[in-house]
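Reviewing the structure listed below.
Labels A, B, C, D and E are assigned to the chains in the order they are written; within every chain, residues are numbered from 1.
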Amino acid sequence: MDPAGIFATSYRQDQSLIRTRNQAIALLIFVVALFALPMVAEVRSVAVMTSMLITAVVILGLQINTGLAGQVNIGQAAFMGVGAYSTAVLASKLHLPFWLALPAGGVFAALFGLIFGLAAVRIKGFYLALTTIAAQILFHFFVLNLPQKWLGGSNGITLEPAELFGFRFETDISMYYLCLVVAMIMIAGGYGIARSRHGRIFAAVRDDDVASGMMGINVVRTKALAFLVGAFYAGIGGGLWAYYVRFVAIDQFTLIHSIWFIAMIIVGGMGSITGALIGVFVIRMAQESITSMGPALIERIPFLGGDLVFAAMNIFLGSVIAGFLIFEPRGLMHRWNIAKRSYRMWPYPY
Amino acid sequence: MIDFLNYLINGALTGLLYALIAMGFVVIYRASKVFNFAQGELVVFGGYMVWWTVIQMGMPLWIGLPVAFVSAAIFGLMIERIFFARLVGESVFSMVMVTIGLLILIRGVVLVMFGPQVRAFPMVFPIDPLIFGDILISRSMLYGGLLTIALGFGLSWFFNKTRTGLTMTAVAEDHQVAMSMGISVQRSIAFAWILGSVLSTLGAMVHLSGRSINMLSSDIGLAALPVALLAGLESLAGLLLAGVLVGVIQGLASAYLDPLVGGAIGSVFPFIIMLLMLLIRPTGMFGWKTIERV
Amino acid sequence: QVTYNIAGIADFTGPFADIMKDTTACRRGVVDWWNDEVGKSLGVTLKVKEYDSRYDVAQVASLWPGIKAELNPIAIFGLGGPDSNALQQRLPNDKIPLLLGTSGYGFAWKSDSWVFNARATYPHEAAGFYAWYQKKMGGAPLKVGVISSEVSPAYVDIHKGVERFAKDNPQILEVVETIYTEAQPTDLTQQVNRLLRKGATVIQVFNNTASVVATRRALQSLGKSNIPMVVSAHNGLLSSGKALGDLNQMEGSYEVYGMAIPTEDPTTARAFFEKLRTQYKTQANFTSPCMMGLAMSLLTVRSVEHVVKAKGPAGVTGADVRAALQTNAFPSEQTFGVLPNIKFSNEAPFPTSGLAVNIGTIEKGKYKLAGENAPVPNVNKW
Amino acid sequence: MELPVLELNNVEVLYSEVILAVKGITARVPKGQCVTLLGANGAGKSTTLKAISNLIRTEDGRVTAGSITFDGTNITGANPVDVVRQGLVHVMEGRKVLRHMTVEQNLVVGGHMGSGREAKERLDEVYSRIKRLAALRDRTAGYLSGGEQQLLVIGRALMSQPKLVMIDEPSLGLAPLMVEEVYGLLSDLKASGLTLLIVEQNTRVALELADYGYVMESGRIVLEGPSSQLKSNEDVREFYLGLTVEGERKSFRDMKHYRRRKRWLG
Amino acid sequence: MSDLPKGKHAEIVLSASHLLLKFGGIVALNDVSIDVRDDELLAVIGPNGAGKSSLMNCLSGFYRPKAGEIRLGEHSIRGMGTHEVAARGLARTFQGTHIFSGMTVIENLMVGRHLHMRTNLIQSFCHFGPAVREEVAHREAVEEIIEFLEIESIRHTPVGSLGYGLRKRVDLGRALAQDPKILLMDEPMAGMNTEEKEDLARFILDVREAKHIPIVLVEHDMGVVMDLADRVAVLDFGRKIAEGTPKEIQVDPAVLKAYLGEGVA
């Protein structure tokens, strides 16, 4: 939304994301800051940021699938797992280079997601949401029980660092840059999809799938597409993760992870790409500050003991999520929009 | 043959246990339209209440159990008071999402209150099984199963036939409409959580009798999920059939297929049955059909 | 006095939270003791800082770079699968060794490792038990029923390893069937009955305490309490007995691992623990989880000792510690009998030669040592 | 005018903290009478009703100023449940039946407040008043035709024995015969002493039934008076009844573009 | 303007013959046939529950009739999904509101343009060049409709917070954005006052004038129907009981009995 007094003078302008010079400058500064981060921040922040960037990619997919297209998905971690496994298998067994293995992981995840996309055609609402839990169960089962040679079974798969033009991404900082670049591409793409014809039909199907059909939207295809895109993002995130940890195993992609993913889009706000990023940032920050506060707390008050301190942290995190929902059910993005709107109207109260 | 019968009967009883746990989901859904992701956590909390009264405080069963049930009910009420009271009037979706927060929160509460140790769960039902020839039936499962059947029909009657039950069903249809009729959505939600809590405690009692409890016991919530969906989220009596179906198929699969494939294929069966059924009937066997009019 | 840091990874809120308290307390105790009685004279102090990983790979992966930057540790105390999963690949770059009190896994069985398990794998330990028990029972091949689970890949790894060992050694044992349960099993009577009808004379439960309890109850309800079970360190007799109500219920069952058995008997390990408790205020129970804590930390401090003795208190690095772990032998006396004689090789992240296990049991309601230093037969990779 | 049962005093309503939908309206509904609220789309009629029943809070709205008094008590911002308990029922726009429940279940739920026996009596009463419903009692409400649903929601409101019923657009989407039937029912109810507040687009029938009318435009009341007076008001005739100055019905084909521009305000 | 040249209504654009539709025991449509000719406005009236919406739903592919045939132009569309029917040029508006409430007015109308847009997912992802150009081009088309419907001021308002009447207008705009060959309107004027009905009537007339789109209109307001329609079909209990010019219908005794009631003109 523009500040008062500024109007778009062409449709192109009206549709663009960055509409004032100030906004462009702010964005530029932000991007530069992201690139400069490893030079100024301590290693821990860089590592946290790396995991945030990877999560952000996964969450963007979830936001497109759940927030935008309205198909609640509690199996995003499984989709991410499929991506991670595919990338790992392709990289370690078929020796595909990074730049091929990563998108290929996304494609495989997308295909897996497609299955649930097709289910979404008939199954709706809670039923669909809960059906996606099956993705989690099936993923787990198949990885463990398919021949060990294929997916590593209980052994997991190790892989070599990503390599691009002869450069090996081994250090934390190089990995950060790799994730940053991939994440920026995916984020830009997310914005692109969200405001294009595809994003619109996603939202249309979310709001009213019957009416959408009568507008000429192929609802079946659209839902499948939403899952496809969502899972593709998850797969890319999974692939990055595989290169980051260089070991994939089944217990990295569990139901609890999926639930945290949902929590992130709730806190950020459903349906907004920016909201998804905010959600990742806020939840990860909360988690990270808690895990880093813990040891300090134990040192100060030793008699509490690690078991109590860290358990209490769970209560805190749960309350943060519940609190968000109670006081701002539409997420932080909504709050932000209200703030922007009143800023536009200022000094009039409404 | 005898093996087969054994698997059949015990599968059915396990299925009824799932149905009992799933009843927690359905009751909360049926009275508030909220799908409770923290159902497994309610089971754990209820279970710990039983542990606390009977083992920790050393109360005899006939005092300990009622005290545990009352505490669970109070816990359910507290959840409503703290988390849902303020949300009345907001979208149902937010309420459902709150239960995700609750899931994480209750885990923390359980950890802090009861610790992470595996604790002995009281022997609520005698441990010696009933033996009919070669057929062996665990008492806790049998009594639990009977209780589940009674509850299934009883609650079904309550929600479909009594005025209070119908009033709550109205809340599950549409919060705003219910409010416009002067129905207290808040009270209905409170009732839902109290009942859900108590049923979960009952479920914990049957599930854990004589065994052990720790926070991982919440996994039963996940196992019960396919039963709830198979029956349809609005159907209580339907749970019984769905439970037996899932239990029997799972039992047979893990008896005959697990050794064959060398993996726990039995545990994915419920989800596969559920998926197939939902593809045929998108709202489960007995759930409300979506009414779509343009 | 030079201070070096050790990163302590713990699971306070995840699935192994139940055993964490004893483990972390005991490994702290060792460090306190060592600082006081050894380090002081060597001019070195060690410091442990603990982090909660929730037994979650993602958490470890995102925690670690920060820990590394913050502490610059010379060693890591870990507790199992997720730590080695998340760090295995990067430790060679970071040059910091990770020490675990748990057994190793098939999937980590690789050469040139920076991860060190104080014990061989779970299947090794099981094999040691079966060889010992078979001899005790008269030499006929054992019939073993396995209760396992697919909830964690680690459990799968264990039963796969045992199945492989059985296949390679039919004269020692046959696995009649592997039963898969949930993390908190429902009634197991039916399944256990099936194992018994297939002739099982021992039941192995290496997954978790809840499964031990459920299996035991199934045996009791079948009136077959005399069938022994064998369990491992992380779901040992003491904790399982406690979860069953009292120790009597585990009468006749066994636990096995390549560490001392934490019995009441006046062993050297016991004496050492008592010293920690009285002199160093270690608040823990003398249990197998504690033993795991002792094991990993004793190996660590002894390695540091080797390094400092060789190159002086200054400039100790993680690489030095790893080198010391790999080159030195650790005789049992150095670990106060907590561990048998240990010698790491480059082939595996755990000791592979001269392995021996200890076996604990409950006899007349008393927790006792049943077999000492039982040799572990050769176990092939699975 | 008689003693008002319902009184609105300078009520303002705000949605989402930004949209001021009702900008200070003052109105009264006398006991036993029928009052109608007319106005263009988006004038704020439904919002006004929702503000009275306070269902507005389910839509992120709130009353920011003014007071609403019902039967002597201030019900501004009261819990909707208490509002109904005091005898004020709001029949919402769009025939909101409980779709998966049967007609009878809908009615039973409507009468959830009194004792079981009372509910039974009232059920019989509703069935005898609205004969059509009795025949439909076991049908699923979601599959009824529009008119039947409208009768059902009115019947359901009667189950709580209200003193005042607010009905939002009862004739919406109804065929002429059905409109007559619904309004026949409403005038019956009025005759039996029930106070009614009706929001309506179908100005002709509404003014036929009502004693008094308010006309809203952009959140304000722009015109009010006894219905006979309103019926003869020139603007009402033109814009709401669609009559020419001579009192004939204009043809929709003859509308001239510029005439549509006329508005009372803004 | 009031009298359209009759000669133009020659070609049959949409025809349904012998439709049968049942829901359980209820026969919603029983042997109903209608033809819509080029450039005409056909009104369908009938009491509540007569099957008017069901007919619209059959025509637009939402319900599948048990028997009968539906042709749009030369092709049979029976058994096609709603989106396929829409792609062949049939647009409709809805009884009640079926509008994308989470989106702004512009976005709603842009959804209507969906059928005419071609960018693929990858182009959307990149969002420059052809994708942007196409967006802008269609935005222009949408702006025309916005101007036509006089909803400029609410362009960027989420439709969820619009009043009923404006929503209906957006609904119409969305259907127009599809550039349809034929337009079905289910009770577009329900919930409007006379003035607004006049507005909408004007729009409908303008649409016909400017675009020559045949329209099927379901409406309860007899004034509107009689003034606007070229022909009227009357349904009752799922059967077509009469068809003819408004004048004929107004005096048809069966219609009077079933629908209008005695005394209502």
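Going forward, a contact is a pair of C-beta atoms (placed from the backbone, for glycine too) under 8 Å apart; a residue touches a chain by one contact, two chains touch by 3 or more.
All figures in this text were calculated on a predicted structure; none of them were measured in a lab.
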| item | value |
| --- | --- |
| Intersection of contact partners for chain A and chain C | B |
| Most remote chain, CA-based centroid, reference being chain A | D |
| Relative to chain E, chain with the most remote C-alpha centre | C |
| Whole-Å gap between the CA centroids of chain C and chain E | 73 |
| Whole-Å separation of chain centres (CA-atom averages), chain B against chain E | 48 |
| Gap in Å, rounded to a whole number, between the CA centres of chain D and chain B | 43 |
| Centroid spacing, where centroids are CA-atom means, of chain D and chain E in whole angstrom | 29 |
| Sites on chain E at which at least two other chains make contact | 62, 94-95, 98 |
| Multi-partner residues of chain A (at least 2 other chains) | 141, 144-145, 210-211, 214, 307, 311, 313-314 |
| Two or more partner chains touched - positions in chain D | 16, 19, 143 |
| Parts of chain A lying in touch with chain B, wherever the complex brings them together | 119, 122-124, 126-127, 129-131, 133-134, 137-138, 141, 144-145, 210-211, 214, 255, 259, 262-263, 266, 307-308, 311-327, 329-330 |
| Residue ranges of chain A in contact with chain E within the complex | 10-12, 14-15, 188-189, 191-193, 195-201, 203-204, 206-208, 210-219, 225, 229, 271 |
| In the complex with chain A, residue positions of chain C that touch it | 10, 12-13, 17, 20-21, 24, 49-52, 56-59, 61-70, 81-82, 85-86, 88-90, 93, 106-107, 150, 152-154, 156-157, 160 |
| Chain B residues within the chain D interface of the complex | 89-90, 163-164, 166-167, 169-170, 173-177, 179-184, 234, 288-289, 291, 293 |
| Touch list for chain E against partner chain A, complex | 60-62, 81-83, 85-87, 91-92, 94, 98-103, 107, 110-115, 117, 119, 121, 123-127, 131-132, 134-136, 139-140, 143, 174, 178 |
